[in-house]
Amino acid sequence: KTFKFAFQGDLSSLDPHSLNESFLLATLGNVYEGLVLYGPDLEIMPGLAESWKLLTPTTWEFKLRQGVKFHGGQDFNADDVIFSWQRTLSEGSDQKVRGGQIKNITKVDDHTIVVETPAPNPILVQDLPYLLIMDKEWSEENNATNATSAAGDNTGNYANLNANGTGPFMIESHKADVKTVLKRHEGYWKDIEGNVTEVEFTPIKEAPTRVAALISGELDMVYPVPVQDWERLDDADGVSALTGPEARTIFIGFDQGRDELLYSNIKGKNPFKDQRVRAAFVHAVDLEAIKEKIMRGAATPTGLLAAPQINGFVESLNTPYEYNPEKSKALLAEAGYPDGFEVTLDCPNNRYVNDEKICQAVTSMLAKVGVKVDLLAQPKSKYFGKVLSTSGYDTSFYLLGWTPGSMDVENVLSSLIVCQDEENKRGMFNLGNYCNPKVDELTAAIGSETDQAKRTAMIEEAFKIVKDEVGYMPIHQQPIAWGVSDRVTVNQRADNGLDYRYVTVK
Amino acid sequence: MISFILKRLVQSVIVMLTVALIAFSMFRFVGDPINNMVGQDTSRADREALTERLGLNDPFIVQFGRFALNAAQGDFGFSYKFRQPVNKLILERMSATLELSFVSAVLALAIGIPAGVYTALKKKGFLSRGIMTLSLVGVSLPTFLIGILLILLFGVVLRWLPTFGRGDVVAIGGWTTGFLTVSGLKSLILPSITLALFQMTLIMRLVRAEMLEVLRTDFIKFARARGLPDRAVHFKHALKNTLVPVITITGLQLGSLIAFAIITESVFQWPGMGLLFIQAISDVDIPIMAAYLVLIAFFFVIINMVVDILYYAVDPRLRADDA
Amino acid sequence: MEQSLERTRLQRIFGSDIWYSFTHNPTAIFSAIVTVGMILAAIFAPWIAPHDPFDLATISIMDGNLPPAWSAGGDMNFLLGTDDQGRGILSTILYGARISLLVGFSSVIFSMVVGITLGLVSGYVGGRTDALIMRIADIQLSFPAILIALLVDGVARGLIPSEMHSEISIYVLIFAIGISGWVQYARTVRGSTLVEKNKEYVQAARVIGIRPFTILRRHILPNVMGPVMVIATIHLAIAIITEATLSFLGVGVPPTTPSLGTLIRIGNEYLFSGDWWITIFPGITLVVLVLAVNLLGDWMRDALNPKLR
Amino acid sequence: MDLLNINNLRIEFPSRHGTVIAVDDVTLTVQPGEVLGVVGESGAGKSTIGNAVIGLLEPPGKMTGGHVLLKQQGIDTLGPEAKRKIRGRRIGMIFQDPLTSLDPLQTIEQQLVETIDLHLKLGERKSRERAVDLLRQVGIPDPENRIKNYPHQFSGGMRQRVVIALALCAEPEVIIADEPTTALDVSIQAQILELMRRLCKDKKVGMLIITHDMGVIAEITDRVAVMYRGKLVEEGTTAKILGNPDHPYTQSLISAVPRPDIRLKRFPMVNYIEAEGERKKLLDLSTHWLGRSRDYAALDGPLLSLKNIVMTFVTKPAILKHNRVTFNAVDDVSFDINEGEVFGLVGESGSGKSTVARMICSLYRPAAGEINYIGTDLTKIRSETERDFFRRQMQMIFQDPFSSLNSRMRVMDIIAEPIRFHKLASSNREVEQIVTDLLDHVGLGAQAAVRFPHEFSGGQRQRISIARALATRPRFLICDEPTSALDVSIQAQILNLLKDLQEELGLTMLFISHDLPVIRQMCDRVGVMKTGKLVEVSATEDLFENPQAAYTRELLDLMPRLDTLSHEGLEVEQR
């Protein structure tokens, strides 16, 4: 049974360590496997490791699965795990962050290993699903022992165009950006729910074309589908929209670090340093309207920077700030800006669902309380080229979206909320440099607290502070929408990942 | 003639170098490639290391020099995104684009020229007015819109033709062709029409405009006086005298078809060079962009050379002043 | 007939054959009316338009995607419906036309002037000059408007203070589109010039001693304008649409002040969802405009050629 | 039975500047084997008749009355396809403007073969043979190679002969020849006329020949029709019309025919004026604009002297220099022209006369030799500004009045251009004054100023270019066939004007013509050219009385004698 689908982006490489990007990992997750796997609902389940247990706060023992074979027929064993881990740390690898969670791996026997972490790490396994395991021998034969780097010597790496994993599917043919065909790996160690024997993936850049291809019956599934097209899909016969909230949170940030805003008519001081101004902003924006009109009712407005699917999500804090223009005006006046001020909003226009539209809506809502926003909407490469740390956070007011790679709030805190800190690589995506020492302490503690109850408490406290200080303007969890033909059933994961294991073709 | 061609080839090298130079002076405005090459969690240190390794911190003149040197040895580097040799990527795509632009160019000429002649002859005619007007609707709507509408009609509603891609292709040596399979041919139809529409209008109107003038010349009058049949008068004598501008424009258009059929290729997800290029722009895949622009420069020099040669072929009066 | 020898400027205009053939050509009159009408409508948009879609404080997202007034769920305030941000399509067309027309016409004129001049020179002078200009043309051709726009925009942003960015963006557009268009004219004109320059009437002019520049302007130019007109009139449409593409790339006008092209582009995203009016109305506007301009161009080409009158 | 009938033909050219009635109620007939000559004032409507007969009137022209019958069958009413069948096959047409009648992008061969094959269905090879043969008959040297050339590589006369060949190639029943010999030297002319006469007599072809050359009329026509202002004023046998014409216009026309035998002081003016004083009286140059003082220092030595100039053309371009086929159109020619002198240049068509002219006004750069004008070598001058000085002094009347006028400019602007450029007039008003005045001198009314070149007859265009040449008040004037397209009356008027300018202001002229009588009347010295070489240079009278070179004698013998013309009332120049 063949399953044909299209995605907006393409599979830039077959090397599981080459790029830390969700689509690539999700796709290769069908070819390669980690010690643990994501279940249908992002829950962690045993993968190449049958079981694991904490020996000391910083050491774990993993029992590896026996009798697993790579597509090439090689046996899977401890050496492969160690090798793969080392590979993630190799020059050119983009998995250094994951690899970095591990200090050392020692081989007990062929199917037992002990993993050592630099610090106590309660959520180590959270980081393992996408630490994909390659075969040592195979890699050495084809001297692909280093990850395919985007630069320098070992570009053109064998692993870039070939794959040899333990997963249920293996690469039949791969033409970058044109078509990739996978077929079922018969010797897979476990039988799977799905009945697909062949998968055909084509990247289709333009949304309308994608949708057309689905409706015309050429494809069994396409994603993402623009929210405004859902109704159309449901009306059309033979296809329907499969939707759900994504684990990604869209939010707007303020530059609270600088003493004067880069892009504003207020000189000599930084209005965003004033909590009242930030409060005024959040109260001026009508999240419901955005949900109804722009997201066609599909988004879930939020008050928290972490989505419900994320480990450590805090229900109580998830209620959005209330929409209240009057209050907003009052606050502005109080803060000394009775008739507002000007500021530039940086916004991507091809990164998140309807990102540009959201920015426009926010712009006009703020206009109503007297704040004149100049909207600078750009394609993602230019946008990120401007706002990120590498270009010195060149922004005053920006829209961003975040899914924690580890599916744990700790990542949210340490990337978005703690003070910018170059040395320790923390707060790198805290583009506005919201900074509160207390929160930093808490985050540090959360990182190493193994007692779940204590941990949860600290998480709540941290997020409470952020929310009270209006560190950010959370917008919503954006929806995922897949267009699926009635011929097939698929499982939609909240990280927008498609797992062929759960695809069945009627 | 040979000397002429040689001269051009020499010039083409200079042109390509200049293009590369300008290209490199411009890349930093296109965006920051790094973000497309690493995941969000990648630390700044690693990002900067990568930037360093790619030599993106060097002044553009240095980057250019490096590029030029390698290019001289036929090495255009590796794509940042695909981590594959750029030559390979571009070559893979070339056949798709060339076939598409070939077909649509043929369409444009095959329909545009006769239509132009007709509308010129039947200046006030009802039909020709109709043609003139309709053709304009074609150009005044964005290619993207036209593409989508065609897809909706023939792909979704009628389901006659594929909505995207190139269908099955047959590989002959390095060249993959869609001409040999049914699905390949079917998938050619919509994109080539979309592309041809614009060229067609342009060529048609050019031919018409020129014809109107030529038809009034004495030699046409004399040709009639000799009793030549209309076909001969119109196509052999009149049309040939209108060709110089038509050739020019056709050349240019063909060039831009090959180079920048970007919108059409992305609407139909046609795996051609245009698509590769626009992707490269949005991913800031500098090696691809650089190599591509240089290649295109070469294309244009060649095409325009052919055009100039055609001038001489068409109009003997121009040969005198070429020694 | 003698009076025709000393005529005031006005008489020259209204006495001219151009004017005469214009007044005797309904198509020309009609399309002229349409064109001028649109231009005026654009200029006086603030007075004509029911709303000011560029004033964000007045638009409300809550009336986004309303269908035209006459269809179910339509709203009388928005005759032609609204777009996703709740801007009245009618008003937006009127305001957007300002941008589109400005960019369209200016950039086309820009590239015409540059192209024709260079074309004439390289065709007439020939030799090294010709080679040089034509190779520059080849270089130019290798860069799509998109890249040029990015370059120009980048440089411009580098040079001028940030608060002025929004003002200059439109000139960036005009320049970028203009510069990427001139080659078409240059090469066409050059081609025709090569043919014309050997004709005897040019030699006659040379014998009189007329400067090459004047010969080009007065003798050759009129004889090579035919194709130029064709390209220019069609080019207008392209320019207007390119503007939208560039704006999307963030180098043009911001999305809060959509042009015709941008409006169409926004509409494209709603083709499936059935909000056809967002695309169709601006689309029609564009088609009509282009039609009118082209018909006008056709007429003028014939009118300028005494033999065809 | 009549072969061709033209009954009560009336043709109008409506325009917003009033309707021109080009032909007004003209009736003509041509018998099989007969040659009917049509003479008359330039602009009288002769060509228009021709065009009307084969149904190719220039828009906006239209037949508003009358019929055209071929063998009693009306052909003006036929459908386009039927008309097409007649053209070329049954009626051969030679247009007045041979230089623009050929498709510039097709070789002579292609055009001939195409036509022959179409009508005679001979097939490629045979057609080609016939084509070469035809070219030989019309006297094109080495046709086998020349047939491969393109029109622009041919001289005026050669093109005209190609056109004739094209018209004759299908052996039509009727031939309409509009000024077929204007650009031909007497020898070729004689040959062509002979060819045509034979056709008529042997094949019973009827011919309607339009010409200004009374010599030609005398040579071949059986009957002559005289036209004036669109009307047919007189018709009769050739002898009658030439001998004792009835109509005053005809009389004055005949009296104005330049005499081959004797040199007159002035050309007799046509004194027939139908309307009141339209023709210019003798103008008094001392007061006239054309006569305004010229700032020329009197010089010793020749004004212009050519030293061994050579012009080489490439007839077969090739990559490598050595296998290019080239030939010398002008081969080592040298002569002087003194201030105030009229130097005639005669010679067979294609002998390089126009090329010489073009080199003098530096349109062509000589391959060798120098051209000294007032001591400066023009071939050395590089910058336009330097050249200006000479440009103003040196003007040229082009051989082809059709292509040397910019069809997109009004006559007013065409003539005003040099005046404006050289700042010869202070105000716009004055410029327009001058232009009207010039138009008047060349016999075109002021209303011509607002019209465009294509609205004029051949002769009228010729006069426009003459007016343009005079507009700079030149010191040295090059006339390449200045009057070939003019009827004798206009010709007389213009030649007199030139004579006056020459005598009173010392205008120097290089006068290229095939019309030996005119040469005799105009020139002080004459040079004879043959195949690019100058075979003889001598004073006019000597040349005519006792020619030296064999070729010159040949020319003079062939010069048509108009013995029938009466002599009385002509003042012979004493010398």
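For reference, chains read A, B, C and D in written order, and residue numbers begin at 1 within each chain.
Operating definition for what follows: a contact is a pair of C-beta atoms (placed from the backbone, for glycine too) under 8 Å apart; a residue touches a chain by one contact, two chains touch by 3 or more.
These numbers were taken from a predicted model, which means no experiment stands behind them.
With C-D and B-C as the two chain pairs, more C-beta contacts join B-C. In this assembly, the C-alpha centroid of subunit A lies 88 Å from the C-alpha centroid of subunit D. Work out the mean CA point of subunit C and of subunit D, and you get 48 Å between them. Taking each chain's centre as the average of its CA atoms, subunit B and subunit C sit 22 Å apart. Work out the mean CA point of subunit B and of subunit D, and you get 51 Å between them.
Counting partners per residue, subunit B has 30, 148, 152, 315, 317, 320 as the residues that reach two or more other chains. Residue positions 198, 268, 271, 305, 307 of subunit C are each in touch with at least two other chains.
Residue numbers of subunit D whose C-beta contacts span two or more other chains: 152. Taken pair by pair, the chains that touch are A-B, A-C, B-C, B-D, C-D. Per the touch definition, subunit A reaches subunit C in the complex via residues 207-208, 211, 226, 228-229, 231-232, 262-263, 265, 286, 289-290, 293-294, 344, 349, 356-357, 359-361, 363-365, 367-368, 373-379, 382-383. Residues 30-48, 50-51, 53-54, 78, 80-85, 89, 92, 148, 151-152, 155-156, 159, 162-165, 266-269, 271, 275-276, 279, 282-284 of subunit B are the ones touching subunit A in the complex.
Of all the residues in subunit C, the ones that touch subunit D in their complex are 1-2, 4-6, 17, 20, 198-201, 203-212, 214, 218-219, 222-223, 304-307. By the touch criterion stated above, subunit D contacts subunit B in their complex at residues 54, 56, 58, 84-89, 93, 95, 97, 100-107, 114-115, 118-119, 150, 152, 163, 166-167, 170, 314, 317, 319, 402. Residues 16-18, 152, 358, 361, 363, 384, 387-388, 391-392, 394-396, 398, 400, 403-409, 412, 417-418, 421-422, 429, 432, 436, 446-447, 449-450, 452, 454, 465, 468, 472 of subunit D are the ones touching subunit C in the complex.
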